[in-house]
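Okay, so chain A shows up in both of these, paired with chain B first and chain C after.
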Partner chain A sequence: MALFGAGAIKGLMVTLGYIRRKPFTTQYPEDKLEQSPRFRGNTFVWYEERCTGCATCAKGCPLGIIRIVTHPEPHSQVGSDYHVDVFDIDTGRCMFCALCVEVCPYDALHMGGDFEQASYGREDMVISVEDLKAMPKKPRTQFRPQMEMIGHTGKDELEEHEAGRWSL
Partner chain B sequence: MAVTSEMNSDNANYDIEPVLLNLGPQHPSTHGVFRIRALLDGEEVVDVEPVFGYLHRGSSKLAEERSYTQVITLTDRLDYLSGMTNNLAYVRAVEALAGVGVPERAQYLRVMTAELMRIASHLMALGFLINDLGAWVTPLMHMFREREKVLDLFEMICGARITFSYMRIGGVSHDLPPGFDVAVNGFLDDFEDRVAEYERLLLENEILVSRMKGIAPLTGERAIECSVTGPNLRASGVNFDLRKQAPYEVYDRMNFDVPVTQNGDNWDRMWVRLQEMKESAKMVRQCMAELPDGITRTEADFFIRPPVGEVYSGIEATKGELGFYLVSDGTIAPYRCGIRAPSFINLTVLRELCIGWKLADLIVNFGTLDINVGEVDR
Partner chain C sequence: MIADLTREFLENYLSTGIVDILMPLLGLFIVVNILLGSAVMLTYAERRIVARMQNRIGPNRVGPFGLLQGVADLMKLVLKEDLTPRAADRLVFLIAPILFFAPAIALFAVVPFFDGWTVADLDAGIVYVIAVTSISSLAAFAAGWASNNKYSLYGAVRGVAQLVSYEVPLILAVTSVILLSGSLNLQEIVEAQGIPFVLVQPLGFLIMLIAVTAELNRTPFDINEAESEIVAGFHTEYTGTKFALIYGAEYVAALGWSAVIVTLFFAGWKPDLGGIIWFGIKTSAIIFLFFWFRGTWPRVRIDQMLALAWKLLFPLATINILVTAGEVLAMQALFSLEPGEALPVAALAIIAAINIGLTVAVLALLARVPGLAKFDQQLAAPAGAKV
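Let's turn to the complex of A and B:
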């Protein structure tokens, strides 16, 4: 039987070895970690020109929190183009599974990378169509791996013709 | 079980009444909102009644009104420390029901992510166990640091750190991102050193040894009677691991050992998890070396309609056998989605493990059983 406490001292030597190492943590509000290109943030990126108002995203949402109201454009062919009047995404209930992004057949909806979206009320967490238009067009590559092939990392703005799978 | 003071009548001479102590539901050592009603005779535990349901979300019922693909998002939240294995168990059940094949590359990716998840989950089990033992957050932070790296890898693959929704019916949602092999190999090289460090830190510590060795043994027969699965069963000397006994995906091609110990006490339950992490790291390395080219997903409808029938499919999740029982009536949503949650069934033995031991051991017993309340209540 070895000296009682020798094992604990051996364990303490591990702790002692950490004096020389750099800390693993970061001081959050000052330093920010970089997210990966596929990171699913609390925002969405929506390309109005790509969207046809088909509401597939609303059908694909597991929680049914996307509400879309459309009307046909007056001078277009029947059924080919719809103007989106309401596009409410209730991020207060959203779980950011990105199934809406996955099912979008026209690559109009993408995940955004911002995660600092605190607000004082639940009603402020609903992203309206005006908010979607105003949001920076920095789409993340979640479910759009073709954007990784052109070197997009989610930090730059993308035009709508670059954002979809037809750009390749 | 009614907890009454008459249950300990042999102490009547001393005019001592057993004390009913509520541990939880907000107690920091109960791993979530979980309550233990412990009847104490001094320091000794006379009776234990687990009370749960505080985190009940009705996952089975919610699944009945969502399409098969949408239910994947619910399974992330069953055992929130091992979302990948939950996803895997569920999509395997749907694939068996609908007869969807999985490409080979996707099978390798599934095994790789499931084993990374096992590392992360066992790290949490160990860290919180030692936290409960009184070593306040320092050893826990060692474990948290490695888990953080695993979560970074998951964020690279699927964009989320806890609620992955990575698996899909017929494959996985994404192929690996560029630069992933460098990242995962860097993690694995580092992880071997870190596990050696954990062993130096923990395995010879006299306090840990005296608190855990020989405490609350569980025999193999009793474990089988109580349907205990996972590391708790293997610590009791029963060599049963679905990855070996009924290999799914590409586990039959993996070279790994299943650590088994004989005593079934707290120490063995901890030791088995520590060894399993090493084996998982080996498997991740093998998956990355043997990863074949090809597609990662077969085309299955988003609103898939499996034929009428029922299926049960179980995998070796991080805490034991996680099984999904699905009944299809031919529509886009499952008619019934039953979940065999390992944490819930492993709780069966908590009472007999604790009776006769001290109150301080109750916390340790609970920690080594590695219960996740999200899975107990679901």
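Let's turn to the complex of A and C:
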């Protein structure tokens, strides 16, 4: 280095070069980053037709925040012979471990991709069975990597026979 | 000019005596308001510029391009609760922010914005600048002591060590300019600059720039409010309006010192290209330099900082004065001038040629000193940059 201060000037030139670069910032509400297909949001995708009401998800939940109530409904048109009356998931206490999704024997429950579920009260964070039915059927591939083989990235809606490790 | 027009307008309605009192107050009103407005805008400008240096966007939500961010911040600070710690010295705690702000504003009294545009055309203008700005070290210490908080006191003690140390090379660098211009009046210093003194006094300019960065507590010399070490230093306990005063004063002082540097080294309002705008452009360029430093360099340690002041800048500034004095005497003999007479452009050009050569030689010599070379190397790589 020839002159004292050349190092300081070199440092200044680095930051001056950075001014011309495009900022990395994503302007969140307007622009959103693309999520990974296995992203776990705080919603769930539930296929009623695949569900038997076995409550394995409720047993698998480490926090015990899933409550399922069923009643027998023989020869039902939808799913099994049990009808799901209550399917409460308290996402206010959920830690998004996706163990409920992993243990589901019929691949009826999937993680959803929505993360904008802020609310004014804890009671509003409980997902009811009506909410689950109304949810857009865009399952994430967390614990269901086989869905990526048919080209699913979590962005499109899937029919119940397409979702899961095996087709119905 | 505008001043004369206003005076004529006012004299239609008021007696001459009242107008004589009113006119300086009117000038003061305009200058102070422009200053406060620019301080608010400078906080925005700094945040945007430093953000771009860090590949971010910076505040862009409040108003068009985020231009009203400073206004929003100010409103928030003014509306906030004004807390005073229970153990604080209440009177000194209250006075310190005012003491911090007043000299920053008072600095502008002597700044020559344009030919004849000065609030107070003092003959000892540069002495006034140095005297008034020294008060800020007292204010920083008063703030730190009155807060009765260990971090505040650490910051205050560091601040005093720093400000007192850098005052010395600062004044010595200013002295070399005074030797060249033969006047303490800032207006006359501007007129004496046939060639901008940055070319005639390159070493003096570098010393002045480093010393002013330290005087302003700006990065890399912001150890007295080092947020990663001592919370916020001397203003840790300040909230609301008092904090706004301290925060604003730093920007007003940065503006003031930039204006003084432009006056001393960049020929002030000369050459006359559109009046005050030219002076404003130069001042903004110096302020950008301070923002640029903040975006680039890491904070120095206290021992590095004091060593830089006493072992490097102080001897260099002293030698610079001796050399400049010799050169001025030689030029006076060569061009047969009276003592105190302004040097002609030819004399300045000769001195500039000698001094630029000397500065390059001194910098080359300093690069051979192992400790300094290592210090310089530290500044070459900003955090996270690939070098």
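Keep in mind that, in the parts below, the second predicted complex is superposed on the first by the 147 of 168 C-alpha atoms of A that agree within 3 Å, B and C clash if a C-alpha of one lies under 4 Å from a C-alpha of the other, contacts with A are read in each partner's own complex, and residues count from 1 in each chain.
Keep this in mind: a residue touches a chain if its C-beta (ideal position, glycine included) is under 8 Å from a C-beta of that chain, and two chains touch if they have at least 3 such contacts.
Computed from a predicted model, the values in this text were never measured in an experiment.
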Touched partner set for A:P62, first chain B, second chain C, both or neither: first
Per-residue contact with chain A, leading partner among chain C and chain B: B
Partner chain(s) touched by A:R140 [first = chain B, second = chain C, both, neither]: first
First (chain B), second (chain C), both or neither touched by A:F24: both
Touched partner set for A:R38, first chain B, second chain C, both or neither: first
Which superposed partner A:L16 touches (first chain B, second chain C, both, neither): second
Which of chain B and chain C A:A6 touches, first, second, both or neither: both
On chain A, the residue positions that both chain B and chain C contact, one per complex: 4-8, 10-11, 14-15, 24
Contact footprint of chain B on chain A as seen in their complex: 4-8, 10-11, 13-15, 24, 35-40, 60, 62, 95-99, 102-103, 111, 140, 142-143, 145, 148
Touch list for chain C against partner chain A, complex: 49, 51-57, 206, 292-293, 295-297, 360, 363-367, 369, 372-373, 376-382, 385, 387
Chain A to chain C touching residues, read off their complex: 1-8, 10-12, 14-16, 18-19, 21, 23-25, 27
Chain B - residues contacting chain A, complex: 66, 69-74, 138, 145, 148, 152, 155-160, 163, 165, 173-175, 177-178, 197, 200-207, 209, 302
